[in-house]
Amino acid sequence: MSGFVLPTAPDYAGALLLARDVTMRFGGVTAVSELTLAVPQGSIVGVIGPNGAGKTTLFNVLSGFYTPQEGDVIFAGKSVRGRKPYDICRLGMARTFQNIRLSQQMSVLENIMVGCHVRRRCPWWMAPLGLPSYCREEADIARKGRQLAERVNLGDQLHEKAGSLPYGAQRRLEIARALATEPRLLLLDEPAAGMNPQESLELMYFIRHIRDEFDLTILLIEHDMKVVMGVCQYIWVMEYGALIAEGGPEAVRNNPVVIRAYLGEDMAVQHA
Amino acid sequence: MSLDMFLQHCFNALTLGSLYALIAIGYTMVYGILRLINFAHGDILMVGAYFVFFGTFAFGWPWGIAAIMAIAGASLLGVVMERVAYRPLRDAPRISALISAIAVSFFIESLAVVVFTGQPRPVLQPEWLVSEWQVWGGVRILRLTAFVPAMTAVLVGILLYIVYRTKPGLAMRAISKDIETTRLLGVRVDNIIAFTFCIGSALAAASGIMWALRYPQVHPYMGIMPGLKAFIAAVFGGIGSIQGAVIGGVALGFVEIMTVAFMPELSGYRDAFAFVLLVLVLLFKPTGLLGERMEEKI
Amino acid sequence: MRLNRGAILNIAAMFLLGCLLWQAESFLGDYQIYIGKLIFINIILALSLNLIYGFTGLFSLGHAGFIAVGAYVSALCILAPEQKEMMWILEPIIWPFSELFTPFWASVLAGGVAAAIFAFFIAVPVLRLGDDYLGIATLGFAEIIRVLIVNATAVTNGSLGIKGIPSHATLLACYGWALFTLIVLARLVFSNFGNVLRCIRDNEIAASVMGINVFRYKVLSFCIGAFFAGVGGALLGSHLSTIDPKMFNFLLTFNVLMFVVAGGLGSLTGSILGATVITILLEWLRAIEEPMNLGFVELPGIPGMRMVVFSLVLLAIILYRREGIMGTRELTWTRIFAFLRRHKA
């Protein structure tokens, strides 16, 4: 239906992102256990699972907030286990958050410009001196910020405070800011949360578009099944920190294990 | 150093540590509930000491009466302070409340300068407390030196009873875990917080009175250093934990007295020890000895 | 660099004020000049703390320490070697400092650099802490600096302090340094680096995901702020001609914090306004400590009343107008013109 070829198992060796046997424990609680997952270059891959399955923890491991006790995370051929989040971002991984994390007090443009910072070349001490190369770069950043804002339909609200935007716009702004870091891989944590069906639909097209336009690979966590099924080429299903199923949207939809995880034992029987 | 000398130092350290501990309890209780460093807490100590000074000196009250009046007065001041300067800021960013606390602290200090003048005033010590007492062999201490830890132990005992065996104590512990849920359960949160300030201030005043007996002088800025150091003691013990505050206070007393006792050449740096200790604690065990770990959710 | 109307007006205003101050002695009394210098010094201090706290969100209560370092280093630099030899009675002054003798501008820079170096060594351990812990830890370090100054008699002359510092800090010099501070900080804060700092203030986790080495920028902001605090301290020492360790207690930090909070956290023009208004207010409040004659009744002066009012003002600001005069907004020409137009119509 989406026109994508449904891949079979992803190619572990050539994947852009590869989590291998990742285990993350907090005290006695194992939030993610021996999880292996691959995201091929250029794909849109989803991670789904009931609440508390460890999806966000997985994202926090991938983006460097937590160092897993066991296993390894390989991004673009390099192990990023134990690296700091800013370092991982520099390598080309960007993410958004389930609970939006914008600078509420800053304008739309300023928020996006912060994202541009990681790729800048002039050091800070050039700012007070006002050297030409610095001024040029500053102008470039502002231009790029404006373009990205237009790309997510926030071109008219450039100088509005981020905190005053409606929820959906804040989500788009967060994506724009992530794009400003010029990522190769974009992690989206529940991008459709709190959106109405119309907005979710637009989001689906938007995700697919930015993938093509910015030559991205996208990994997303999502609760909205329509979005997941509509946009993802491959889906991993988590429950209690472990993978319970994987496959294309159709295969996952009809997988009895997945249905049981989502609906519970009784409902699954009825469903079947 | 002879054994007698060492024991004498131990007693002194225990006395100083007890004083710190009593102040630290107030910090730790308020921080545990409101996540606020009550900067003006040290000044409550000063106010308590002044009340006792005026009670005994100006009105000629006996010591016991003056002390009780002073503790009552300081508790009232603590409650008023919370009502005026902290309650309106409960939903504001935490730093606003801290700045408010700093302002209150300066207000109390400068008001004390205006009312009591900036001159230090000598405190009359009651005879029976300053007489010497032969503990054992050559170890001779002032009765005061034994009185302070004993009094502290009694007060801490009462406090632990209130916190762990009474209803308001239960409410206090609940608020420190989750203020909103506690409110939903029908606890009058504002009253309990006021009560917490009342207890904390009473203990600070008790410490202030004993401080004025130990170092027989009162002046408007006498509360600043003990206050800061007691806060450090609270952090060292693990902020939010009453037992931790007691341990931290006594430990700080020992660190200060013993470092100077064994290395007299460092006595000029005495006031810096506490801060060095603070930095070390924050670096290596930010939760202190008994504190609970609080992590930000990502 | 493009020059728009605002920039041209800024330069014109700065130049005009400079000319005015150059000729100030012809129409201002000694006392007014004294206040004027104090205002500019306080502006420098307020701007420096605003960078640390208002823009980067680091609640630092250690400003007095950096001011002290700046004042002492600068004083050691500009005092003539003979003077120093005479003044250090407790312990003779030790070598590099005994021979040191530099022009005023170099001493001010040296004060700033020394403060920044101190700040760097403080920053590395304490900037990992958040909020109020950071406040207490920096306050602790400021106390440690003070204790060090009291005890390092061979360098600082201990509790006796340093007297007779040549008063090179003229009104114009203070103005010049304030302008320098303002320009450097404005260029920094209104560039993308400023956005980065504000992002760290608002949401540290988001900043780190955007590839920002949060710790590095915190240290940077802290050190730059400390540099200008040192500069302010150097000017303050020269302005007062006497410094001693007691001056640099927590009250000094409290004063600077007050300027920043009153002016508005995260607003440079707010800090300028805050420092100016409160410096004048503080001087004006001296009146209530003097005996007053109301014609029919003679009120005795109340010593210490100034601080009572002062702390009440801060309390009132934080309770009733937490954002201060300006909030995070800036006073710009566009705003002023819009305001004037609205009131003309």
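Letters A, B and C name the chains as they come in the text, with residue numbers starting at 1 for each one.
Definition applied: a contact is a pair of C-beta atoms (placed from the backbone, for glycine too) under 8 Å apart; a residue touches a chain by one contact, two chains touch by 3 or more.
The shown structure was predicted, so the numbers you read here are calculated from the model rather than taken from an experiment.
At the centre of the protein atoms shown, by the Cα-centroid criterion, sits C.
Put simply, the chain farthest from chain C by mean CA position is A. Chain C has its Cα centroid 33 Å from the Cα centroid of chain B.
Look at where the CA atoms of chain A average out and do the same for chain B: the two points lie 50 Å apart.
With centres set at the average Cα position, the gap from chain A to chain C is 44 Å.
Each of residues 65, 97 in chain A touches at least two other chains.
Each of residues 298 in chain B touches at least two other chains.
Shared interface positions of chain C, i.e. residues touching 2 or more other chains, are given as 205.
Taken together, the chain B residues at the contact with chain C in this complex read 35-37, 85, 88-89, 92, 94-96, 98-100, 102-104, 106-107, 109-111, 113-114, 117-118, 224, 228, 231-232, 235, 268-269, 271-272, 274-276, 278-279, 282-283, 286, 296, 298. Chain C meets chain B in the complex at residues 59, 125-126, 128-129, 131-133, 135-137, 139-141, 143-144, 147-148, 150-151, 205, 250-251, 254, 257, 261, 302-308, 310-312, 314-315, 318-319, 322. Across the interface of their complex, chain C is touched by residues 63, 65, 84-86, 89-90, 94-95, 97, 101-106, 110-111, 113-118, 120, 124, 127-128, 130, 135, 138, 141, 177-178, 180-181 of chain A. Interface residues of chain C facing chain A in the complex, by the touch rule stated above, are 1, 183-184, 187-188, 191-193, 195-196, 198-199, 201-203, 205-214, 220, 266, 328.
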